[in-house]
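Two complexes follow with chain A in common, the first pairing it with chain B and the second with chain C.
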Partner chain A sequence: MVRFAIRRLVSMIVVLAAISVLTFLIFQAIPNGDPAQRLAGRTATPETVAAIRRTWGFDKPIYDQYAITMKKVFTGKVVSYTQSLNVVDEIKRDLPVTFSLAIGAGIIWLVLGIVFGVLSALHAGGGLDRGLTVLALIGISTPVFFLAAVLLYFLAFKTGVFPNGGYVSLTDDPVQWLYHMILPWIALSVLFIGFYSRVMRSSILDTVNEDYVRTARSKGISERRVMVRHVVRNSLIPVISLWGLDFAAIIGGGAILTESAFNLPGVGNFAAQSIGRLDVPPVLVVVMFGAFFVVFFSAVVDVLYALLDPRIRLSS
Partner chain B sequence: MTDRTAAPLLDVEHLRVSFRTEDGVVQAVDDVTFQLGEGEVLAVVGESGSGKSVTGMTLMGLTRSPNARIEGSARLRGKDLLTASDAEMRRIRGAEIAMIFQDPMTALNPVQRISTQMVEMIRAHHPDIDRTKATMQAVELMERAGIPRAAERVRSFPHEFSGGMRQRVMIAMAMSCSPAVLIADEPTTALDVTIQAQILREIKELCQEFRTAVIMVTHDLGVVADVADRALVMYAGRVVEQGTLDEVFYDAQHPYTWGLLGSITRIDRPRPHRLPAIPGLPPSLLNAPQGCHSCPEPATQLPRSRR
Partner chain C sequence: MATAQAPSAAETSAADAPRAGIGPYKLGAIRLRRNKVALAFGALFVVIVVLCLLAPVYAKQVAHTTPNENHVTDQIRVGGKLRDVVSPEGVPIGPTWHGRFLLGADQNGRDVAVRLLYGGRNSLEIGLIATLITVVFATIIGTVAGYFRGGADAVLSRGLDLIWAYPAVLLGIALGTSLALGGINLGLFKLQGNSLMVPAVIIGVVYIPYMAKPMRGQVLTLREKEFIDAARVQGFGPLHIMRSEILPNLASTILVFVPLILANAILLEAGLSYLGAGVQPPNPSWGTMISDGIRLIPSGIHLTFVPGIMLVLCVLGINVFGDGARDALDPRAKVRLEH
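Right, the complex of A and B next:
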């Protein structure tokens, strides 16, 4: 277990270093991305721009600039170029929104994906299976921004059943929080439900043909017990690992479209706005933050894996 | 030898099993008739695809599916296994007729403890036995099947056991409700040669203790000679030869049986230049051969497809 933790920690450091270098270099390559120009503002004289360039260190070699920026990131002093706001504080403020979105949607898509996948597999080839397959394909191919727009138009703008975007903190008003989160949860979940139900279906159809399922049947236990104890449990393993990574990506700012469409001030929305302003520090921090969660949750998934499947040992 | 006048324990008559596949109808079992007496060991011999496993699985009710057609009758103590309802079959499976499969590496659920899997079977047929008592029974059965330190190892997972030990677990599990019939589907094929004989002996001894009749599906004539009272030779889904060991080994009537017997190499005979083999492949059962039905007279030519 200790060795597992150390190995994961090392791989996390490697991933974060690589991701941060890549992000930093991409912004160097983007045209019209001179940070001194942006900090100085539109009406600045060349002298001011030059002064800023010197005080911020933009005239130094790239690796020096990278080192300076990374130092600021890890001391929590990194500020955005365009707004001079502390990026870490911004992300801290946005995190509860993103967590609300990710946890709610994550539970919805995991549960419904498994349920629809099981139903589909049990009726494989039948009418219900075909119906669910069509629904899954529609869900997978509907863009989030389109689904969000449709939901907002009909359920918020036209009928007023749900609020037209925005966020209310859970600690301020739990009922309003739930009320504001329902549409974003649906919009974000639909794609994943479709995808997960397909994965679950094929996983079950693979497991059904395993020898140990035949053994289970030969024992004379009920078909229901065969399905629940022997088939579904073994079929869950690939779905759980997928879920960990998708969930991590959403927390790390991956729900840019959903957050923008519903005007949720989350991490993804913050990243989207920063990218629009070609503002390196916030983007860099959000990307590293997302990578951290992906690596972290893949470790969590491995632990879950070991619990679900005793053949897997963490130390080996 | 069985007394043919008394009602047999298991009476299979004109069993036919066919499966609808994308390529056409496969006649896997074609008019198979045999009897099994109390405590008798019957060997079902034949090469891969001769329908011996399907016969065993059909008796367990494991081939039932919308794509399978099952005809004939198979009466266990007068009760027809082929027409029994799914619920009746579930009560019979495991309790009256149990099965051991070919590959012990995949036959146990990898994510459940041995104890869980054995207790599940015991409690499926004896729900009044509580978990603790069922676990004790499982340990006792494992010890009788030759698993040392069973009390400690009952909590292990299948991957912590070797192939031979897993097959012993399967045997212990199959015997846990003292069934009247045990179907052993090539129980030693996937095991090391060194433990094959041990496993066969465990099966035979346990079945004698429990007075369980055995249908030993195999393609190994050595196994037949070791454990069987009678043998039944299958070829292309049909029974081509049936009788006591002496009849089958020393007075074989069918050319396929000659071929099988001829392909054994013996340590007490001069070594042949090449291992004798039956040429070609067994016929495809998609278009089953017509010429050689039950073969009343010895046929000279076996219907085999050439490579």
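Right, the complex of A and C next:
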């Protein structure tokens, strides 16, 4: 077990290191992307550019530059090229916004995804199942920024029921915070509700055919109890593990489209703006931060699985 | 849906049971033909594709314009009255429901219906190329990693992990922004920054792990089957076994993945274009049209709704048909694309 966990940890570190190299290389490969030129501004003399190149270390070979940048990342001293602001501070400032979005939307999509999935499975093949299937597929087929635009147009611009994007800190004004977060939560959840209800439905339909469900029935337990205690509980495992990964991805900047559609100053929005400015350090940090969450959560899920289910260890 | 028949296995009809003389694809076609909803949505997708292919004909014969032609100062006759295409305040005309400016104009006086069809061509083209890239590379990587195991598997699987752990949209915009500026130049393989191939290649690469991982898993079980042993004993090399013994057994999985990848590729193209890292102006695509429209929401809501609804209908058509095809080919398959 310990060996399994250690192996998972090592491969996690390797993947993270590779991601940082890849990000660094992508931005190095940009033609006319010389960071010294951009730091110096349009009207800079060649001497200024050369001076900047020396002080930032852009004249060093690329592996040295990578080492310098990574050292700064780990000591928390990494500074953006274009804004000269500490990237770690920026991300700390943006994190509450992204957490607000991820936690609210995560709860909504998990609960509704499970409820719709259970309803669909209980009425498999019936009218309710078909209706929910169509709704789920519409949800999966709608881009989040289009949904956001529709919601904002009808509920904010036309009727003024909700505010037109923006963010109010929870600690400043909890009511306004909730008021501003409702539309982003809905927009972000819809895709996942559609997706999770499908996963939950097929997971339940797999579980009802298991031997232990037949055993439970043959013991004479009520159908309701069989469903709740045996079927739904076991069907939740894949959904919850999926939820962990999606939640991690969203905290790591995955809600970039939702954040920019609702003008929420979160981590994803920060990454999008930095990419637009071709600013390597912030992008590098956000991507590593996001990848860390994804890789870490998937490692945790794997280890938890192996702990809970000895069959997985045997088969791997 | 994947296991719709599971709870009612007893009432499985005769056509569902494998009968002698009917191959799996014939059986799948029979099942799919009974699924009228899936067929209707499949037809919807085909209609959209045909309309987009006919874009030049529509532009020339009906709308009398081109996708990038400006008509800011023009006037057109709507219901007997002469109206500005773009008002002096800069508000573009809404849908006229007539030949010219059927779905209205944008702020540059361009015909939205014409741009919608040309944009659809670009969106669909990117989606198809991306799907092709994903399917080809995922099949090769999955088969090689699963068949050879060991070192090759370790290297390929870590590579897949790398792409998979990289947040898809972030990877897309990082690559998209950097390539849109300078294009790629890898000797034989050259791309202009504004080429449609840039987003197509990026999207194709992003989705490889989602398909290659399940393929690898399937090959891992396939390679232990007796018929593979038989081929090995007959002296066939690995290349022959992979091509003639394993690939045919992967065909139905590949078929099931195609609509899934296509739908998601079209959505990702829209997302990248929305963030400015996809199709570059003045080329239209549904994503760029929506993102242009959102900036003008108060004055011309049709600029957002027309391409948005078209995009949703197209992707929905692919998804519903794909869902039906998946059920028909293998009612027990649990293939899905995780986001």
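Annotations for the structure displayed:
Following the convention adopted for this analysis, the second predicted complex is superposed on the first by the 286 of 316 C-alpha atoms of A that agree within 3 Å, B and C clash if a C-alpha of one lies under 4 Å from a C-alpha of the other, contacts with A are read in each partner's own complex, and residues count from 1 in each chain.
Just so it is clear, contacts are C-beta pairs under 8 Å (C-beta built on N, C-alpha and C of every residue); 3 or more make two chains touch, one makes a residue touch a chain.
Source: prediction; values computed, not measured.
In the superposition on chain A, A:Ala124 contacts chain C only, with no contact to chain B. Contacts of A:Leu191 after superposition: chain C is touched, whereas chain B is not reached.
Of the two partner chains, chain B is the only one touched by A:Arg233; chain C is not.
By the touch criterion defined above, A:Asp211 reaches chain B but does not reach chain C.
Using the contact criterion defined above for the overlaid structures, shared-chain residue A:Asp246 touches chain C, although it does not reach chain B. In the superposition on chain A, A:Ile221 contacts chain B only, with no contact to chain C. By the document's definition of touching, neither partner reaches A:Asp172: not chain B, not chain C. Between chain B and chain C, more residues of chain A are touched by C. The residues of chain B lying in touch with chain A in their complex are 60, 62, 86, 90-95, 98-99, 101, 103, 106-112, 120-121, 124-125, 157, 159, 170, 173.
Across the complex, chain B is touched by residues 210-212, 214-223, 225, 229-230, 233-234, 308-311 of chain A.
Within the complex, the chain A residues that touch chain C are 11, 14-16, 18-19, 22-23, 26-27, 29-33, 124-125, 130, 133-134, 137-138, 140-146, 149-150, 152-153, 157, 191-192, 195, 198-199, 201-202, 205-206, 208-209, 242, 245-246, 249, 252-254, 256-257, 260-261, 271-272, 275-276, 278, 283, 286-287, 290-291, 294-295, 298.
On the side of chain C, the complex with chain A involves touching residues 1-4, 6-9, 37, 158, 161-162, 165-171, 173-175, 177-178, 181-182, 263, 267, 270-271, 274-277, 287, 290-291, 293-294, 297-298, 301, 304-305, 308, 311-312, 315-316, 319-320, 323, 334, 336, 338-339.
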